[in-house]
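Paired with subunit B in one complex and with subunit C in the other, subunit A is shared by the two complexes that follow.
This part shows the complex of A and B:
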C-alpha cells in the first residue's frame, strides 16, 4: 500500500484496529509522555505519604542509587536497540565490584588503578559475551544468561561468599559520593555525562546508526554489507564495560563488596530500558529515554522504601509497573506482531 | 445475481484514506479483476473482506445479510477464502499441518490428532493440484512457487474437504513469482472454481492474465473506484489510463544502439557449487556447474530460468553471499574474493528480491535506508573519518534521490508506509548512490505497479549508461525481453542459452523452450571468448 500515513510503521498489510486511544496518540509520544506523567504521579503520591521523601538528604540518596543503575542501563540499551539482549549486566557489575574491592583491599592499589581493573574486566567480559554471540553464534538471550551466571559464580569465589569492606577511609567513598554540584552525587553526575555522550552518539555517529539498523533488520544489514559481527562485538563490550564501571561506583557508594551487590540490577536495568520506551524487538527507541526509565525505577524503589512498604511488596509493585509500562508503550495494532 | 455486496466502504488510517466509499458486488461464478497501482487500495479491500481489517464505515453483506468478520477464521465461516500474496505458511511445520492449520479440530480424537487421516487428505489435495510434494516434509523444503501453490491448494480445496462453505475466493497477486506454466495451471484452477459457482476476486498487475480470466473489472485509484464494467469494455491502454492517469509506456527502454565495449567488466569462469547435502541416492549432484560468461561495461544482462534453475544462487555466488567450490570471478580484471562486505568495497551492489526480509528496513526512514550501504567515511560515505554522521550530506543525498527517482515520500517517512514501487526505488537509490561497478538484482520489479516498473527500468538504464554493468534475474518474461541487452537462460544449474537482444526482439517461445529444455534453441556452452 502506498503512502499510508499511519503514526507507526506498518510492517504488513495485516493492520488491525486497536483500542481507540492507540489511534490518537502515537507510539512515539506515548513512550515519551507516559513515563513522565507516571513520574509526576509517583512523586506526588510519595510526597503526600511521607515528608522525608523530598528532603535534601533523600534526594542525594536517590541520586546515588540512580547513578549506577543509569550506567548499567546505558550500554544495555544499545544491546537491546541492536535487537539482542544483555542479561549479564548484574553479574558483570557484581564481579567488577568484587575484583576492584580485592585490588583495593588486598593489593592496596590506588583508586585509579582499581577503576582500571574494573574497565579492563568489563572489556574482557564483553569480549566473552561477544565471542559467544558472534563466533559461537549463540542467541544473546541464552549466552548472556549463562555468562551472567558464570560471572556471579566467580564473584562468589573471589569474595569467598563474604562481604569485603573497603571503607578504610572516606576518600574512596568520595569518588561516588562527593558533590561537584550541590545535591548531585558525583556518580549521578558522571552517569548523566555518559548518558549525554551516548545519546548524541546514537544519532550522530556511524556506530549509533548501524546499531539501530542491525536492530531494525539484521538480515537486511548483512545483505547491505554491514560488518554486523564487528558492531555486535563493540556493543557487547560497551555494555559490559559500562556495567563494570557501574559496579565500581556501586562499591564506592556502599563501601563494601557483598555477594548480593549486583542483585536486582538485571531486572531494574531491563525495566528502566523498557519503561523508557526501547522496544525489545530492536531498532526502535533509544538511549535518550532510558534516563526516564531509570528515574522512574529509582524513585519507585526509594519512595516505597521511604513510605515503609516492605521489600516483598516492592517486588510485586515493580513487576506490575513493568507490565503497565510495556502495555502502554507497545504497538499492538498489528495482529501479526510476533510476541516471543 | 450478486451474492457478495460491498457498500460505501471507507477505511481511514489516521488522516489517510486508503479507501473512500467503495462499492462493488461479486456474483456466483463470476471472476472480478481488481486493478490499480500499488497503494490504490486493493489489498486494503481484500483485508476487509478476509476479516483482517475492520472498515471505518460502510458495510459488507452476503445474500443481503451484513457480515463483519473479525479475523480470517471468521471470514472462512462465511465462505470467504484468500490466497495471500506472501504465502502465510509456517516453515518448520510439515506441509500437511500447514494445510489444515487452524482447522485441526476436524481431525481431533479427544486430545489426539488423527495424523494419518490428515496426511492422507493432504496427499489427495496434492494429487488433485498436480503437485509433486511430500506432505510430511516441512514447508521450508519447498521453493516459493510451490509454497504459493500450497496456499492456493489450501484456499481451494480446504472448504471442500472440511465441508465448509466456499462462496468466494480472493486471489491477491497470486502469480507473482510463478512461471508461465505455473500461471497456466493456476488459471485452470480458477476456471474450475468458477464452474463450481464460486465468486472470485482476482488482484493482479499482469494484464494478460486479467484479460484471460476475468469477467468484470474494477479499477481503483487512490482508494476510489474509477472504472467498473465488463472486461470487454477495457483494453490495455484504457486500463493504464484509469490506473495511473497517463498513457502506458511498457517498452520504456526500447532499443539500445551502442554495443558494450569489448573489455568485459565481469568475467565468470568454470563456476561450480555443490548442493549442501548428498541427495537420496548418495549422489552429489552439482547445484551450479560449468558456468562461464562475461558482462561488458554498461551492459544490461538478464538471466531467465525456471524456479530451481539456480539463477538466484548464481547471483548470490557472484555477490559473495554463498561460497563457490570452484571457479573464478573477475571484476574489472581483479579476482573477486571474500564475503559480500569485501566485494561491496570492490564495487559490487546487490538488491535482493525479498524486500521486507532482506532489502529494506521497514521501520526506518527513507534517508536511513538510502544511507545504510554507505556509512563509511570517504567520498560518497555518510560519515566522517572520526565516525560522525554527516547529517547535511544525508539530507542532500536523500532529497536528490527522492527528486531524481520520483520517490513519493518524505525523507523522514518510514519506508514500511510506502508502496512496493517506492520501496524498490529506495533500495535502488541506496546502491545507485555508490555508482557500483556491477549491480546485481533479483526480480527488479516484482510486486511493483506498471508506472513504477517503467521508472525503475529507466533508472537502471541510466545507471548502465554511466558505465555500471547490470546483471539481473527475473521471473517476468516480458521484462527479460524488454530490458536486457543480452539474455542468458539457466536450466538445472547451468547456462543453456545465450541470446543477443540489443534490438529487444528475442522470441518469447524460444526462451521458454530453453528454460524447460525442449531444445529448440541451439545450446552452445557460452564462454568468455565466444562472447561478442
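This part shows the complex of A and C:
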C-alpha cells in the first residue's frame, strides 16, 4: 500500500472531525506556527537574559552566521522534500571554498570568476550525485555520504591539508560582509533572495509541484508519467550548486580556505530543515519553512553564547530544543503509514 | 618530485604539501617493496631499516607538516614510510596500526588524541621487535615507562614555556598600549582536552603576572577557524570589543582575525591577538602586523625527531629513562623575528633540521638535537590535572631523579644543542 502524505486532505479531515480548534493544532498548522512561536520564546528568553542579544552588532553577527547556512539548506530542502537526502553538502561547500580559494590565490582570478568556479563545481558535483542516484540507482543516503567523502578527500589534496589565506584586503570579505541594507550582511541578503525565489518556485512551478509529488509517493509519480529521474537530477544539481555557493560565501566570510571550513554544516542544515517542518520521509514541508529552521538554529547557537551559557550546558539545551521542535512539527503518525 | 625540489624560491611549504599527498601515496606504494626501499638511501646500506607507519590527521596543517617532514626524514634514513589518517580517533588508530603491522610495519609514529591507543600500539610494536613514538596526547600521569620497551618515546611541545611566552609578550604589549587594565578574550580548544588544559594553564600563568589585566570572556574555538570566528563574534556581541584576544591554536586565531575583519575592527591596532603552533597564515599575519605573537613549535621537528629516534631504537641505541619523555619550547614569534622564521621554516623547500644529526647512531658524539630538547619532569607536565588515586610514579623514573641521571641527561642535551632554532640562515637538508 502506498499512502501519499499530502498536507491538505489531512487538514480537511481533522477539521471535519474536531472543528476549528482541531484545525489549529493540525500538523500543518503546528509546522507553520510552532517554529515561529519557538523563535519568539527563544528571542524573549535571550533578550531577558542579555540586552546585547538585540544589539545592532549582534543582529549583523547573526545574519552573517545564518546566511551561509540558509544557502546550504535551501537546495537540501528540495532533496528531502523529494524523499531523498543530500549528505554531501558539507563536502561540496568545503571543496568549493578550496577551489575558489586556489583560483583567487594562485590563479589571481577576479572575485566574480572565483564565484563562477564555485557555481560550475556545484553543477558538476550535483551531476555526479544525480548520476549515482538515478543511473547507478544507489540510495541517496549512501551515494551522497560517499560523494561527500570523495569531495572532502579532493579538498584535502587541493589545500595540501593547510589553510590558504585569500583575503589580505577587505574587498573579498565585503562580498559576504558588507551591507546593502543596514544591519543585513550581504550573505544573508543574497540567501533571502534565493529563499524567496525558491519558495515561489516550489508553490508556483511544475518543478516545485512535481518535486513534492515525487517525495509523497515516488512510485505513484512514476506511474502517472512524471519524469522522476530528470527531476531528481535537477534537484541534486540545485542542492550542490547552492551548497557550493554557500561554500564561496563561507570563504569570503573567513578569508581563508581551511580544511575544516565545511565542518558542522551538514548536521546544522539537516537540523534546520527538519526543525523547519520538512519531513525526512519526503512530500511534506518545504522551502518556506526552512528559513524558520535556520533562524532557530542560528539564534539558539548565538543566543546561548551571548547569554554566557556554559559550553557544557549549551550542548544539552541545543539537543533538547531540537527534539522539542521536531516533536511538535513532524506528524509522527505519518511516518508509520507512508510506504516508500 | 625532484623537479619540484629544484625549483628556486619563491616556494612555500603549502606548494610542496599540495603535491606531497601524491608523493606520500607513491612512497606508500614503495614502502613495503624491498627492492625500491633498499635504494632509498645510503643510510640503509649500513644500518638496520624497517617500515615506519605514521598515524595522523591530514585535514590539519600541523599534522600535514609532521607527515611531510617525517616522510622526508625517513627517506634520508632509509626507512620505508607509509601513513594513514585516523581522524583523531584512537580506536581507529589502533586498528590501522594493527593492519600496518600485518603488512610489515615495525616502527610507529602517532599523534594520539587522548592516549588510549598508545598501550596497545606499543604492545603490537614490541611483539614485532619494533617501537612507538608519540607526538600527541597521553593519558595524564602516564608515560612510555608504563607501557614497556615498545613505547620508546613521548615528545611534547612545552606549552608552559612557548605558549606562555607568546601570551606574556602579547599581554605586555597590550598593557603598554592600552594601560594596565587591559581586557582579553580567551578562545579555548576542545573542552576537556589535556593539551588544551596545558594551554589554559599557560594563559592563566602569563595573565597572572599582570595584576590589572582581566580575561573577561571565554568560549571554545575548538582549534578551528569556523568556531574561532563564531566564538569571537558572539563574545564581542556580548561583552564589547576587548583589548586583546588569546587563541589557543592558530587555526582558531584565523577565525578570530576573520571575525574582527567582518566587524570592521582593525586587528593589531584596536585589538592585539596571539596564538600557538605557528601556522603559515598566522606567521604572515604577524609580518603584516595583524597578529602580535604566536608560539612556533615546529611540527617539522616533531616528525624528524621522532623518525630519528625510531631509527636509533631500531639500531640498538639504548635510550635512558629521561630521554623517553622529552619536549621543547619552540620560538616565540613576533614582528622582530618573523622574517627569519618564514625563511627557514616556511618558504624553505629543504628540511629545516638534519635527521642524520638527530640520530645518535649515525652522528655519535656529534649528535645535535638542533632544538632546546630536554627531558620533562612528570610533575611539571601533568601538574595541571590531579593525580589519579593511589598514583605512584614509575620506579625507573624515581630512580633516575634520585641518582642524578635526569639532571645529567638534561645537561648533556643542553650542551649538545648547537644548531639553534633561531639560526634562520641555516639552509636545511635537500631531500
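A few comments on the model shown:
We take it that the second predicted complex is superposed on the first by the 298 of 340 C-alpha atoms of A that agree within 3 Å, B and C clash if a C-alpha of one lies under 4 Å from a C-alpha of the other, contacts with A are read in each partner's own complex, and residues count from 1 in each chain.
By definition in this document, a contact is a pair of C-beta atoms (placed from the backbone, for glycine too) under 8 Å apart; a residue touches a chain by one contact, two chains touch by 3 or more.
Computed from a predicted model, the values in this text were never measured in an experiment.
Once the two complexes are overlaid on the shared chain, A:305 sits against subunit C while remaining clear of subunit B. Residue contacts after overlaying the shared chain place A:206 against subunit B, while subunit C stays out of touching range.
Once the two complexes are overlaid on the shared chain, A:283 sits against subunit B while remaining clear of subunit C. In the superposed model, A:227 makes contact with subunit B only, not with subunit C.
In the superposition on chain A, contact is made by A:219 with subunit B only, not with subunit C.
In the superposition on chain A, none of the residues of subunit A is touched both by subunit B in one structure and by subunit C in the other. Interface of subunit A with subunit B (complex): residues 1-7, 9-17, 23, 203-210, 212-213, 216-217, 219-227, 283-284, 335.
Those residues of subunit C that touch subunit A in the complex are listed here as 13-22, 58-61, 63-65, 67, 191, 217, 219-220, 224-226, 229-231, 233-239, 251, 254-255, 257-258, 261-263, 279-281, 284-285, 288. Contacts from subunit A toward subunit C in the complex involve residues 50, 52-53, 55, 57-58, 60-61, 64-65, 152, 156-165, 167-168, 170, 173, 176-177, 250, 253-256, 258-261, 263-264, 301-302, 305-308, 311-312. Within the complex formed with subunit A, the residues of subunit B that make contact are 13-16, 18, 37-41, 43-44, 47, 52-54, 71, 85, 321, 340-341, 344, 350, 352, 356-364, 368, 371-373, 375-376, 382-383, 387-389, 391, 408-409, 413-419, 422, 430.
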